[in-house]
């Protein structure tokens, strides 16, 4: 369901910097449905990839075969990302805070971490250089604390946070995340239960349309069996 | 491989085994473990399973990296134990762009590289080697990272000639930069080819012989990583690693059987019957282009 | 070509027609002359015959360059007249490395590029835009050049698909950097190919469609420069240019006959019977590589 | 003759950054005679070129076909030259001064040049980064002034200046060029006549061996007909 909602955020023809996991699933779903001309760029160097299997990693050989361009990573980060050619950056995250800052580095203090997470990878520069940043993450108080333990990716350019119960968007000057849309049958209280700060709601909450049967079929039977 | 590692990889060295998902030279990592190298500073964007194994084997004093996980699967548990607990493994952390920029500076013979990055992140607080420079044209502040110049870089490639002129296709990662930045370079290839094969398509050459110290021929030397056009990534093994690396005892016995327990890559492959047939690449040959005039 | 130049090249623009000896798009230069563009800032490492012609035709206000000669032959006399006399042509001069670095900075979205250069030379005295920066790690002083971000860059290539995914082999020059640094990009190709041809060998793609504004199909569009695998350089014409450009009158009549006197490249080629058979490339086809997995 | 003498300066297996004209001729002669493993790098991006015709320009297609590597110019200048991988840099020059500084930029003042020369090309960085710099130039008071009008390439790394009458080498702390070898039948006075400063001579001047017939044949009949 999150993948379907995330896929809707992508417009045909856009250039998307794709992270692994749900973002990857959402991008490939969008490419197979309403956005056939979506240009998928992976930090591994594959541009315009058309994977014939769901890539397990962002360096999967299926991203290379039949892609439009394969370049070194220095070009990916300098000529494409830093040079402002990427429209959408798609990130997941262990922790997302009240202002959309993401932490994928450590739980606990950096020098003596409780849990050592993988770290930035390309997430820091994606959040800084992509014109629009989308986050996909499941709600839980641990995943949505008021403040993250470590800012791996700053929240300035975050436009939407797609969760498993509703959608959050930045609001006001400091870009505090507020609830703007709910999945069918979900109450604001259910979302608040998964968020570590007093969550504000937009006056008239939108309702997230249910996924089309075709999309679910595509997801379950083809993209992510 | 035995000779190359014996000659060019020394205790205390800063070692780079690069390759982004593609062409990670596990054969070299295993030989370094067998030869019991110690106090190495291991640098890679993604430590991956290879450095998790080398850390578990006690080769590493320090790891310089930008993303330490098992992609799409989970954690590098040996790495985590060494960092979370009193493992005492030193780390130096950047983002991918930061690591790429460090190699680019090292390869260009520059002491630093400028990049627009880290604004609003906690990374510079965690790593004081990330600094800033002011542009003398616009006055704006840019981030900088210091050059990375390894003692030895090991690059796995599809093919090279006997002199070391090396060609890679598919994902290129930062191999070219890492090799040019390094004091010594070991190239490990799937296939040794005649010089005329290299000369037949010079635009594919990524590393020239003049910077190569040793050429090692090691088919399947990248497994469980992959070599485009030769064999697929062994995703099953990457999944299995989660359980193996989680249990120090299991990891120990894995090393005993598949690293210490074998003398070379050929013996390693014999231990997994059916592996090569399962992962062998199908043919999808590109058309040639005309270099004539 | 007529439409592309009309739409994307404007009076006063900073224009780049790149290509180091290889793939210099004379067809685009001639069309710019025919459309009588004025006050252009023309940037190239080597102005070559194409900018000599555009200067003679009155298109240029300023030239930014690093080597202004006719390689192995002599001078660019229109350029020299404009610089030595009261021609009033403005110049901004670097070394090749300096120009390459300016394009690299522009392509990377950085305001400057650091390089070890110019120590002991008079170039910084002649060009105040060459400055210095101090490394915050080593304290050493490095030279810097400012980013070059053209309004429009024109790249000639062997082939592209209809969207503009462009492949080049042989000498690559700084075309990739110039294109990524530019506001607008016109790609001119010898051959328009199906997307599947591009996808069949993605490592050869130098310029992606996302940064391309127009794709023009113009066989022999680089003559008297060359296209590896398509036609050889017309060295005889480069030799003849010495005499033509030395005499303003001769240069005038050359432009009248071969530029103003024709409507397009096809007509230009008709004026030199036997040219294509004389310069057509022999076949020396590279072998394919396997992209399968 | 100059090409033959220059060719002798190159050792087999060395990496040489080749300029066009006489340097190019000398390098290809050396490759065809005593230094078959000479690695020729042209600033155009051709590495290990084996031209089957004498290239008219350093971007000749014959330098590409059959070469070991072809890379972009950013790599040529950063990874090879600036990174210290070039052993020998081979330069010509309109003017060479008492300390080996080269001028290929202007005769007369820069702002109002009497003669506008091509400029640096890669000569500035070649002179700064090649470990050994060799210069080939014909003697004449105009070509060898005491001071050049413009320093395009600094003389610090110049090891030998091969002329049409003898060989000059840097001597003493400031590296003043002095006469060290003479062609057969040439007197020091003949060399002095082509040099714009009081030329010092090494005590025991060497005699430059005459070119082998085979070399001349190769030059005149094959390399440079």
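Letters A, B, C and D name the chains as they come in the text, with residue numbers starting at 1 for each one.
Going forward, contacts are C-beta pairs under 8 Å (C-beta built on N, C-alpha and C of every residue); 3 or more make two chains touch, one makes a residue touch a chain.
Given the structure is predicted, the values throughout are model-derived calculations rather than measurements.
**Q** Show me the overlap between the contact partners of chain B and those of chain C.
**A** Common contact partners of chain B and chain C, which must touch each of the two, are A, D.
**Q** Which neighbours do chain A and chain C have in common?
**A** Under the touch definition, chain A and chain C have B as mutual neighbours.
**Q** Consider the two chain pairs C-D and B-D; indicate the one with the greater count of contacting C-beta pairs.
**A** C-D
**Q** What whole-Å value do you get for the distance between chain B and chain D if each is reduced to the mean of its CA atoms?
**A** 40
**Q** Can you give the whole-Å distance between the Cα centres of chain A and chain B?
**A** 28
**Q** Provide the C-alpha centroid distance between chain A and chain D, rounded to the nearest whole angstrom.
**A** The mean C-alpha positions of chain A and chain D differ by 57 Å.
**Q** Check each residue of chain A and list the ones that touch at least two other chains.
**A** 46, 61, 64-65, 70-71, 78, 82
**Q** Among the residues of chain C, pick out those that touch two or more other chains and give their numbers.
**A** 109-110, 115-116, 169-170, 172, 176-177, 200, 203, 226, 228, 232-233, 284, 291-293
**Q** Classify the chain contact graph as line, ring, star, complete or other.
**A** Shape = other; not a path, cycle, star or full graph.
**Q** Considering only the defined contacts, which chain B positions touch chain C in the complex?
**A** Listed in rising order, the residues are 109-112, 114-116, 129, 131-133, 135-138, 140, 142, 144, 146-147, 158, 169-170, 172, 197, 200-201, 203-204, 226, 228-233, 281-293.
**Q** Help me check something: in the complex, which residues belonging to chain B touch chain D?
**A** 107-110, 165, 176-177, 180, 195, 198-200, 202-203, 205, 208-211, 291-293
**Q** Considering the complex alone, what residue numbers of chain C touch chain D?
**A** Listed in rising order, the residues of chain C that touch chain D are 20-22, 45-46, 65-69, 71-72, 75, 79-80, 83-84, 93-97, 100-101, 103-104, 115-123, 125-126, 169-174, 176-177, 226, 228, 232-233, 235, 238, 284.
**Q** For chain D, which residues count as touching chain B in their complex?
**A** 15, 39, 46-48, 50, 61-62, 64-71, 75, 78-79, 82-85
**Q** Chain C touches which residues of chain D in the complex?
**A** Interface residues on the chain D side: 20-21, 43-46, 56-61, 64-65, 70-74, 77-78, 81-82, 101, 105, 110, 113-125, 128-129, 150-156.
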